[in-house]
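After this come two complexes, each holding chain A, first together with chain B and then together with chain C.
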Partner chain A sequence: MEYFLELFLGGLTRGSIYALIALGYTMVYGIIELINFAHGEIYMIGAFTALIVASVLNIMGFGPITILILAMVLAVVYSCAYGFTMEKIAYKPLRHSTRLAPLISAIGMSIFFQNYVLLAQTSDFLPFPSLLPELEFLEPYAFIIRSSEVFIILTTLVVMVLLTLLIKFTRIGKAMRATAQDRTMAMLVGVDVNRVISTTFIIGSSMAAIGGVLIASHIGQINFYIGFIAGIKAFTAAVLGGIGSIPGAVLGSLVLGWTESFATGYISSDYEDVFAFGFLVLILIFRPAGLLGKTTTQKV
Partner chain B sequence: MRKFFTLAEMKKSLLMAVWFIFLTFPIMVVRVNPIYKVVEWRWQNLVLVGVSAFFLSFLWRYFLAYKKPAPAKSPLETSARKGKLSELQRHPAARRAGIFLAATLAVAFPYIFSTYQVNIMTTALIYVVLGLGLNIVVGLAGLLDLGYVAFYAVGAYSYALLNFHFGLSFWVCLPIGAAMAALFGIILGFPVLRLRGDYLAIVTLGFGEIIRLVLENWNEFSKGPSGIAGIPRPGIVGVEMSLNTSSIFLYFLMIGLALLTILVVTRLRNSRIGRAWIALREDEIACQAMGVDKTKTKLTAFALGATWAGMGGVIFAAKTTFINPASFTFLESAIILSIVVLGGMGSIIGVIASAFILILLPEYLRAFSEYRMLIFGAVLVIMMVFRPQGLISNVRQTYRFKGLQEENKEGDIK
Partner chain C sequence: MTAVLTITGLTMDFGGLRAVDNVNLDVRQGEIVALIGPNGAGKTTLFNCITGIYKPTAGDIVATPPGGPAKTIHGLKPNQVTEIGLARTFQNIRLFSNMTVLENVMIGRHCRTTSKILGAVLRDGHTRREEAEIVAFSYQLLERVRLERHVNDFARNLPYGAQRRLEIARALATEPFLLLLDEPAAGMNPHETKELDELISRIRAEMDISILLIEHDMKLVMNISDRIFVMEYGKEIAVGTPLEIRGNPKVIEAYLGEEAHA
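So, the complex of A and B:
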């Protein structure tokens, strides 16, 4: 039972991180139907920025709480800046071209960012300081759950609630929903579509950055390649839940997290990713539009 | 055309420079060594980024304004806007001269250049075949396949394992590898028949990763990450070949295979099944209404596309004499897909040209070997921004009536 609980919570942690990244994918997809392959790289850049800020502040002799807050804020700011710039350079000029062109552009961006960080920083794994404070009351349960896991799950929860509020009740949220439904129509009723798209990229990037900082301080090391794997997994999660649907992305991420956690815990750890992808194929055979995706009837 | 060195433009570029300095500050300027707790400040990079952002943003805006407005949306429109290259492509004399030149160059190549160059050329030719194979799936049938490298791996491992266990020769394994890949194409094809564009993309990506991971972890079967070494190069019975001659032999073999691929793909494209693929790409529902068997058409696309990857894989294994799962990552699929898209989807000459460019460019950029993947990524983005239809856009099969040419300026009746 304890083992089960440990795997369950481990899966929940994993799923939370996937959800933070998958939301960026699914929101961008919902609005401009683009698989933003470089989204994982934004997450990696967020983690790197946090590492750099934290190390510099640490050497300057700041306290842990200040470091945590400043590193988190700067990581979010920089990820947003990168996401915003990337959209303006690589996707905006392609708004009206064929479906595959932005995808290739995204793959190009992804390769570019990876090598940019590789060249400007290092190809080695860097130790990441554990920014998150230890919770003492969890000490007796340390074999089931670590305090960083609690932080990850709670932060994800808060971010989800904030995102839901933003999308449901604010003006920009309404504009985003309108654009996702029908871009031309939204334009006709006066929605500034370019601004909506930029905002979507910024929101997605900030969530990815939060995910990046959390997971990096949970695992304790990063390199330039972490974004790629995480990005593919999160994309899988988004598709699993039905791409374009926000609750779907969260559900898909949790399902994927648990699948991986239980499969590695009970069967074999070598085939972790095989289980993840195999499960995806299985789900899509029976529900071709994902778990929560709507099967739209194609009209002629 | 706007003026490009006005004060307003200067201001814009200055703003860009400041923005990029801000953007790249933590990653370009600061480098921390977390073990020794030392921070290295590289201020010179700041100047570099500022200056290059200032000038590049001029170029960027200039070319963006220069780019023709309203790019084509469908291939039908693309065929109406023919570039000079495709015009040249149609001219019979130019065509003949081009083919003659290419043939002479291809035959003379191994005798002019070193073995190293010949090996690079062979690799480029393998990618020509891979690109043309994927072109069937993506360019003609419109099925976005992100796991194409899986079939390449199947081909390579078929040869390596059959040779290792049963001692089968290259010539026996070539068709077996192709058949195995085709079989895997059908295995992948079945579950994804119902999926739409992007779901298809992720499932194929997953399929590619599954194949790679199984090869990596199933030690008893595939020897895991350490791979299989000592795969024999192809030969002719009774002829002993030195390393040098064997490379040249492989080169000509590859030329032959590339020619075969070009021939088969061209014939396929204009055949009944080829037209069914294009129809399926354009409109699935209309295509079904016209009585095209969707299942059969999609499966043949997957199987025939995979076949070429299988053959490419066998030759790759024979060429490098060593394979391991690290050669079959997603990046490889991405490169092959880039070849197809950069070349111009569905266009055969375009695919060949872009295969050469994309494979030879990083090889000859070895002088800047550190920067080559960075440049590769940037080239992909820049190409897509400035020429999304690819190097040579696909020309649809059209019928020409001489009498109507004066009235219809395009000269094409669709």
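So, the complex of A and C:
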């Protein structure tokens, strides 16, 4: 039972991180029907920014809580800047060309960002300080769940609730939903679609950055390649849940997290990815649009 | 009377096809103007040029808000045209079907409000006041089109006539001085058409909005229009009051003639 609980919570943690990244994929897809393959790199850049900020602040002698908050904030700001600029440079000029053009551009951006960090930083794995404080009352349960896992799950939960409120009730949220449903009509009721798209990239990037900082402090090391792996997994989760659907991205991420966790825990850790992708194939055979995706007919 | 919309020499080509050919049209303040013509005459294309969906090949479109300076609007983006004060509805209903009736109208307030994403997170006084205003304003509009009972229903669940009225309410939410209606009575039964007739007249009288509409329902057109423009094969073939148009042999041949024979 304890072992099951450990795997369950481990899967929940993984799933939470996947969800933070998958939301960026699914929101961008919902609005401009682009798979932003460089999204994982934004997450990696967030983690690197946090590492640099934390190291500098640590030398300057700041306390752990200050470091955590400042590192998180600056990681979000930097990632947003990269996400925003990437959309303006690599996607916006291609908006009216064929569907493949921005996709290729996205793959290009992904490779560019990886090599940019590789050259500007290093190709080695760098140790990442554990920014998340240890919770003493959890010590007796350390064999089931670590403090950092609690932080990851709770942070993700808060982010999800904020995102839901933002999309459901605010002015910009309504504009996003309207743009996703019918871009031309949204423009005709006065929505500045370019601004909505930029906002979507900013929201997606900030969630990816939060995910990057959390997972880096949990695992304790990063390199320029972490974005690619995490990006592929999160993308899988988004497709699993139904790409374009926000609850779908969260559900897909949790399902993927648990599949990996239980499969490695009960069967074999060598085949983690095999189980994850095998499960994806199975679901797509029976539900081609994903768990919560709608099979939409092309609008005339 | 001053013109709120002046179109001169408007031409729109799609490859080799000239969909709109050197059309001149004007709408004066407080007028209801109808644009009629057989299917494929280029009426909707003209609407698309006015609202910024198409970029016209040649010609000028100038909008003059009442009491404001004239603005050239051809080549602007749809949201910029809406911001200047032109709003439209579509031939086939294009509501945001996954949103509620109230939300559909609220989205129309987008270009008249300013709350940013930071305001949404911080919930400052300005944002909350603005949100309350949007809701109150949207409610009023829904009462005006008699949809106040349906505020929290999903737009897709409304009966057909109500969906059409909701489209009009959403367009009104952008505070236009000119409303463009593309076949507002299409698919409506006589009772619904009569309601629509009254609604359009009320919008003009109570809200001081000029109206340009495309319509095939001749009874409605003759009833409410001050002037009628007739198009055929992209060209404008006649302009005049309903009475003049009724007696115009060119129009009868091109358009009404078909019906007279039927």
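Operating definition for what follows: the second predicted complex is superposed on the first by the 296 of 300 C-alpha atoms of A that agree within 3 Å, B and C clash if a C-alpha of one lies under 4 Å from a C-alpha of the other, contacts with A are read in each partner's own complex, and residues count from 1 in each chain.
Everything that follows uses one rule, which is that a contact is a pair of C-beta atoms (placed from the backbone, for glycine too) under 8 Å apart; a residue touches a chain by one contact, two chains touch by 3 or more.
The structure presented is a predicted model; accordingly, all values stated were derived computationally and were not measured.
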item	value
First, second, both or neither for A:Ile45, with chain B first and chain C second	first
First, second, both or neither for A:Ile59, with chain B first and chain C second	first
Partner contacting more residues of chain A (chain B vs chain C)	B
Residues on chain A engaged by chain B in the complex (per definition of touch)	29, 33, 35, 45, 48-49, 51-53, 55-56, 58-59, 74, 78, 81-82, 85, 89-90, 93-94, 96-105, 107-117, 119-122, 126-127, 129, 228, 232, 235-236, 239, 243, 270-271, 273-274, 276-278, 280-281, 284-285, 288-290, 298, 300
Partner chain C, residues of chain A touching it in the complex	162, 166, 170-175, 177-178, 181-182, 184-193, 199, 202-203
Touching residues (chain side chain C, partner chain A) in the complex	51-53, 77-79, 82-83, 87-88, 90, 94, 96-99, 103, 106-113, 115-117, 120-121, 130-131, 134, 170-171, 173-174
Chain A partner contacts - residues on chain B that touch it in the complex	19, 22-24, 26-28, 30-32, 34-35, 37-39, 45, 64, 67, 70-71, 73, 138, 144, 191-192, 194-199, 201-203, 205-207, 209-210, 213-214, 217, 284-286, 330-331, 334, 337-338, 341-342, 345, 370-371, 373-374, 376-381, 383-385, 388-389
